[in-house]
Amino acid sequence: MPRDAVAMTRQEVEDFLDREFPQIHYGGRTFQVEEVGPLFARMRMEAHEKHLRPGETISGPAMMALADLALYAAILAQIGPVALAVTTNLNFNFLRKPKLAPMIAECRLLKVGKRLAVGEVSLYSEGEADVVCHATGTYSIPA
Amino acid sequence: MPRDAVAMTRQEVEDFLDREFPQIHYGGRTFQVEEVGPLFARMRMEAHEKHLRPGETISGPAMMALADLALYAAILAQIGPVALAVTTNLNFNFLRKPKLAPMIAECRLLKVGKRLAVGEVSLYSEGEADVVCHATGTYSIPA
Amino acid sequence: MPRDAVAMTRQEVEDFLDREFPQIHYGGRTFQVEEVGPLFARMRMEAHEKHLRPGETISGPAMMALADLALYAAILAQIGPVALAVTTNLNFNFLRKPKLAPMIAECRLLKVGKRLAVGEVSLYSEGEADVVCHATGTYSIPA
Amino acid sequence: MPRDAVAMTRQEVEDFLDREFPQIHYGGRTFQVEEVGPLFARMRMEAHEKHLRPGETISGPAMMALADLALYAAILAQIGPVALAVTTNLNFNFLRKPKLAPMIAECRLLKVGKRLAVGEVSLYSEGEADVVCHATGTYSIPA
């Protein structure tokens, strides 16, 4: 690293997710890949009824799903379509109550090795500057 | 600690979750509180279509939601109905691919302080001995 | 798993650590392997001056070093002398202020795969029942 | 946040650490506060014999101690001298083998609340661009 090219475009990553993981859209399509780049991906999640919690806020599990997907999208963009990459570790710090608004996840890859890829993800409520939830995660990459 | 009594029964914890967090049942009821005890809770999640992933397995976000709920159930049972307790940190190690079967989460509280409660959660596929996913988490308890 | 045999004895693990990682004893020998077994290890750390913090307590970094070593000892006992295994992730929850006393670390392995080994470690002040610090960690095992 | 002022200067933070936590210098002074700013601190650790591991590298526990200190320094600079703030959680991803060289830790605070402060820390070998170790951590702030 640094690497200055991506292996898949934004559209290719989104098509791959739709084809291989249709269940992420169960109950209504809410996830969208907004941008990919070298060691980077940004995803967006609509504030669908299924993600809500009392107090007009977004649920923790919805944020965790978004962070995991953003990390996977960044890895796909970097190394190409690897359906069998699996999450081995995720760590979350929940910092603020998110607004009832779309959420943006920005993932930056810290390492892309032969066996493991590691990244960090910051989640924001759309239009806000403060990080709502911060995650780090590891994917194991098949040989 | 140790503490030898609980503040809420299994039924009271389940009723509280149903009343305060109805969205956890969005798309179909899959979560059930099976048992609570001193510093302990066990929850069960049915293998609903909404939790699936390719390869006949359960999704990571479904497991994360289950672990978070089991930790909350154990805290509720220990300290009583605190709707405003919030998760501040969750860490997950994904160890094995879960079977397409109900999942069991067993939570053991490691600390119940005035401000923070910390616990660990082991997730199993029903009827299996190996831990599929291990989590630790922290809740902040309002004053 | 379960596995009912170990690849190294307690003495062999301790000799291996002394030979390969003599720096863990810098400033005075404080770490001792007390027991190893299938998917298990217990280590002890003396309350040496170099581990102290104000308020008659043990420092966080000393506890982190102890937990990391206990995890490594458990892996060595399970799979044999692998000097090149490296820690990839460690997560710590600090639960209570430790007493100025020897600390005991008990490690239980949750997974021993071909590439990754994962375990959890509970740290106690000697003679006390409450967990002072809880850790989970992952080692990457060379091919 | 954002906050545009600090409560302590770099020198005040360093003097505070020296006075309250002299044991961090046990066996030889290696830690230095290089810079503090709003929600930010940078620390440096010399590659002392006590921090080494075979293969001409820096030990994991030394990196963990450095990350924890950098987080504490950033919190001190932000909120002033709070000797009783304690670490409640630390998560580490070890990404690359560090060189036998001084290490730099850059901490960015993600949240400074009334009860909890959360930050992330990136560790580098001096003069290198790649992150060697990434940490996130939480301190509990006394009332």
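A, B, C and D are the chain letters, set down in written order, and residue numbers restart from 1 in every chain.
The rule is simple: a residue touches a chain if its C-beta (ideal position, glycine included) is under 8 Å from a C-beta of that chain, and two chains touch if they have at least 3 such contacts.
Nothing here was measured: the structure is a model prediction, and the numbers come from that model.
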Top of the farthest list for chain D, CA-centroid basis, is B
When A-D and A-C are ranked by contacting C-beta pairs, first comes A-D
Averaging C-alpha coordinates per chain, one finds the centres of chain C and chain D separated by a number of Å equal to 23
Distance between the CA centroids of chain A and chain D (whole Å) is 28
Rounded to the nearest Å, the gap between Cα centres of chain A and chain C is 33
For chain A, residue numbers touching 2 or more other chains are 88-89, 91, 93, 138
Contact graph of the chains (line, ring, star, complete, other): complete
Residue set of chain A touching chain B in the complex reads 20-21, 23, 26-27, 49-50, 52-54, 59-61, 64-65, 68, 83, 86-94, 97
Listed in rising order, chain A residues that touch chain D in their complex are 1-2, 91, 93, 95-96, 110-111, 118, 120, 129-131, 134, 136, 138
Counting only contacts in the complex, chain A reaches chain C at residues 88-89, 91, 115-116, 138, 140
